[in-house]
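Chains: A, B, C and D, in written order; residue numbering restarts at 1 for each.
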Amino acid sequence: MSRPLAIGVIGYGYWGPNLVRNFAETPGAAVTWCSDMREERRALVARRYPGIRATGDVDEMLRDPELDAVAIATPVHTHFALAKKALLAGKHVLVEKPMTASVAESEELVALAERQGRVLMVDHTFVYTGAVEKMKELVTSGELGDLYYFDSVRVNLGLFQHDIDVLWDLAPHDLSILTDLVPQTPRFVSAHAVDHTGSGLADMAYMTVHYDDAFLAHFHVNWLSPVKVRRILVGGSRRMVLFDDMEPSEKICIYDRGVTVTSKEGLYKTLIDYRTGDMWAPRIEFREALSRECEHFVECARLGKPPRTGGEAGLRVVRLLDAATRSMAAEGRREPV
Amino acid sequence: MSRPLAIGVIGYGYWGPNLVRNFAETPGAAVTWCSDMREERRALVARRYPGIRATGDVDEMLRDPELDAVAIATPVHTHFALAKKALLAGKHVLVEKPMTASVAESEELVALAERQGRVLMVDHTFVYTGAVEKMKELVTSGELGDLYYFDSVRVNLGLFQHDIDVLWDLAPHDLSILTDLVPQTPRFVSAHAVDHTGSGLADMAYMTVHYDDAFLAHFHVNWLSPVKVRRILVGGSRRMVLFDDMEPSEKICIYDRGVTVTSKEGLYKTLIDYRTGDMWAPRIEFREALSRECEHFVECARLGKPPRTGGEAGLRVVRLLDAATRSMAAEGRREPV
Amino acid sequence: MSRPLAIGVIGYGYWGPNLVRNFAETPGAAVTWCSDMREERRALVARRYPGIRATGDVDEMLRDPELDAVAIATPVHTHFALAKKALLAGKHVLVEKPMTASVAESEELVALAERQGRVLMVDHTFVYTGAVEKMKELVTSGELGDLYYFDSVRVNLGLFQHDIDVLWDLAPHDLSILTDLVPQTPRFVSAHAVDHTGSGLADMAYMTVHYDDAFLAHFHVNWLSPVKVRRILVGGSRRMVLFDDMEPSEKICIYDRGVTVTSKEGLYKTLIDYRTGDMWAPRIEFREALSRECEHFVECARLGKPPRTGGEAGLRVVRLLDAATRSMAAEGRREPV
Amino acid sequence: MSRPLAIGVIGYGYWGPNLVRNFAETPGAAVTWCSDMREERRALVARRYPGIRATGDVDEMLRDPELDAVAIATPVHTHFALAKKALLAGKHVLVEKPMTASVAESEELVALAERQGRVLMVDHTFVYTGAVEKMKELVTSGELGDLYYFDSVRVNLGLFQHDIDVLWDLAPHDLSILTDLVPQTPRFVSAHAVDHTGSGLADMAYMTVHYDDAFLAHFHVNWLSPVKVRRILVGGSRRMVLFDDMEPSEKICIYDRGVTVTSKEGLYKTLIDYRTGDMWAPRIEFREALSRECEHFVECARLGKPPRTGGEAGLRVVRLLDAATRSMAAEGRREPV
């Protein structure tokens, strides 16, 4: 294929402009369409990018036989219908996280993409950051030893989403990192949440993910924190790693610290030694993650390669969110994933 | 009473030396006895404080009719028996946190102190820090508005306690602050914990405390964190406060930030406004908390005043730990407090 | 004037794109021309802004009678000739800092702008940040009391400028803040610098500015620091303020701390009391400074108002740089400003 | 020698208690005397250490033939007379920094100690910290490459010294680190200082030390800073190191960052590349520096070894302070060391 991959962006609100800008600069790609239901947003597209056709009618865009792929950046409850329509029209699809609003919808999209032979990819942007790639390298190389825990805090004074609660809004970032890093299968989820404003949507939540072994993952998401925290701590038997996304330069710190079970004497005694050692902060590639992700999507679409964050990855995150939502409704009871 | 209050310190291990040093410098008090079962610890007491009688036999100490009070700094499972013996001998008692290893024991001590007319106080040191006193002032004056949440993180690479798990080791600090600050009665506790070393004791735990209203408290305690974090965030409808105990100077930051439910239009719409405003860090009194606490104990013992952290406060903390322990054993099920 | 102010941007390298983007979004302005000697930069302009005429010939641009103003973002040694030409052609001029490479050039531009009745403004961007505006407010309201010192550190591992040394590259930021905040007239400058790479350009420098009274200003600029620091501390007799530009949220912290000369007993004794008090961090307006500056330039050009950072302000900064350069050449001797 | 080294501590004010406590716990040493002119300080010694003879008369102490050594912790202007007297009485001497109030005095002490065959050591405590030992290792192993600069900031809202200015009070810490780390001989000093309170003593100062090559050292000391900063940055051609003493755990950070002069093309072009790489924070020994220093003094006194911070090291620091004082009086003129 010698002409560029023609991409249409659906939704030009908060995230859409980033997709347009990045795809516009991705080699081998061209943004040919952009749709938004709001007239003023279409006018903005037209002013900034005279070469892009702006429309209020997605179907018009999808009827273009020259269009190869779409990127969907609309509210969550619309993801499923739009992605389905696009896949049925034979387009490759990149969709915002969370992939859909329910497990059933995600499963249907995965199956449909398979049948249509099209790429279905979910925009788990963090997976494409230099920081998470470094963490992945540390986990898969065994550098961290056995994984002990994954502890994430993502809190700030944020804008309320009007169609989803804080868990569906913020946790997908961290859940996408978790599922990318950790190969084990999550078994159960417990979650607690509260709605302080009477909006009907939880504004803070705690979520715990249980596995077959002693590994444990925990998430704190909060729209009501006066301070902004973005930290993930991954503990292992050999080393531990801290990803602090608010840190301007040293985002990843690796600690040569841990605990060693040195011996067991008889039945009742375990000797435990603490090991404190050096810390190091490897240089991290600072290129914009979305730019690398757009390149990856274009490459997968052109070569028919399975993407790193394909429909299955999106489904895994939605399954965890779904189990958490059930647990929240059942007073924090463990719910199967 | 013109002679100083005569105090005996039981246990000269990690914390005992701090009690001896502080009581030795408290006006109106004198340390006359110190007991420890280990000969080398008694030798150390003798070398440092030639005027203090060191003994390996607590009963010998308690038989001294001149002894007015004891301070107990021994392993948790011994607190009950020692405190009971001391109260029965007519001594005032200051006991390390957690007060006892069970709710029944704590209840018995509270009742016994009442019957004996002696002061029973628990060493909730943090309650006597300038930082917590400032928080208390903010809560009780209504400065924070309605309380929304209490979120605490206390993690580090710590020394394993041999008789208690990480929850009973670390959480009493934060639970004592919670119960001091928040007047509402906790209803349920959910908790999750893991033991990664096979020691039989959990080394990390998450604990959630539920109330009748939307207020929520959450605790993360961890012996396996390579970084040391000591943070409590209290969110209110008007203001929020962060207590960061690792911060050398500005330990308390108050944020004039929050969320305002500005109006409800019809049934389905809530307009929510975020308010971002100034932050300020009030000057905090830096005097050693234990020194103020020792003064308070002496004053209560001499004047028969109820202490700020009396037996009831100790019992409240033990009730929460007990419910958490039950929840941990029941896969995180909500347990009544 | 009802048509927008027509602006030409000269130089589309590192800073030019920011000028184009901001003026393009400034109400009442329109970017009609952009010049750059490099063909690929002109191509980039053409692709991004089809409506802007890109040229390699500044004279062509200046001959356009419809052009009202130019913004100059070229290397420092070209500022004077370009600004002079533009003023002579009757255009208003916004020029990058430092305004020119010498005092004589700056003086000539100031005089020429006066004669031509055109606005000459220098791009001291920091002066338009919410942080510096807050500092200005604190200084002029007397909140800080008598000014004691201005201490600035601006260090990082930076890209070498090819036509100017580290002092002329980095110090203009801080000198523009100093001259905006402090009304007193600087009298002498001492400076020390070193060139470690043999490039002929100093890569680190220290500069001290002396006044008639005890107020002192000091600057540390460095291209060879592995860590990035951007801090200005202004000490006053009543309060002190820290501007930490690396801090994501609390950029300005005001300390109610200082020293009080409480009394003088006889000839030899001065009793000095330290006062430690609260700290507060006022909410700072986060709007992009360059956007406010562009609006201000357009307003001044349209209404003939003198700009906040006009030619005189540019001249004051160049005078200080010039004195520092002389001092550096004279082993750090005090040089008059 | 089988009996412990008998030590007398002169001055039981701010620092004396630390010397007494540390020598009391140093193997092979015993504190037998402590002198202070104030009765209440002697009473405090007597209460804390019944075994130590407290006196108001230094001569009485020095007449004791059993006394082997003294540690002097009195105001600076008294160091010379006391140290001289002690050396003449045949005692080894450890003296607080700065060693004396003038170069001549320091020279005389060095010569006298030599003649008397006694150890003269100056209490440059920082040299004995794990952090500075790590820095020394990095410098001497060539890990940092050629040394480029030494930049130190030591500022806080401090207590005024009544007999010395801020330079003589704070800079000795950093100058002792500089002279320990850097083998080159300093040639000139320039310094600027101001007295804002009319006390006759400068309360903030900047000091620059010049060498034969491009290496430069700079010091900022300040009693009027609302924030406490304790940072030393050492830049080298290969690596750079930051010592941040306010950092609770990672006090030493080593940056694999720098600048490489890659080639020179003809006469006018130097290609300079920046290298950004990993950072690492080695584990630092946290043992109290003064305790290691006391051991070292005892060892030197018993074995007749030259101490790491002997009279010559003390003299080097005093020479720098003296040159700075001359420069401050001469409007910042370069003064020879």
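Basically, a residue touches a chain if its C-beta (ideal position, glycine included) is under 8 Å from a C-beta of that chain, and two chains touch if they have at least 3 such contacts.
Note that the structure is predicted; figures quoted are calculated from it, not measured.
Considering the contact criterion stated above, the chains in touch with chain C and with chain D alike are A, B.
Where the sister copies chain B and chain C meet, the same residue numbers recur on both sides for over half of the interface positions. For the pairs A-C and A-D, the larger set of C-beta contacts lies at A-D.
Measuring from the averaged C-alpha position of chain A to that of chain C gives a distance of 41 Å. Chain A and chain D have Cα centroids lying 53 Å from one another. Shown for chain A are the residues in touch with two or more other chains, namely 227, 276, 279. Here chain C touches chain A in the complex through residues 50, 227-228, 246, 248-249, going by the rule given at the top. Listing the residues of chain C that touch chain B in their complex gives 250, 276-283.
Contact residues of chain A toward chain B in the complex are 148-149, 151, 153, 157-160, 188, 190, 192, 194-200, 203-204, 206, 208, 210, 214, 216, 218, 220, 222-227, 233, 235, 237, 240, 242, 253, 255, 257-259, 261, 264, 270, 272, 274, 276, 279, 331-334.
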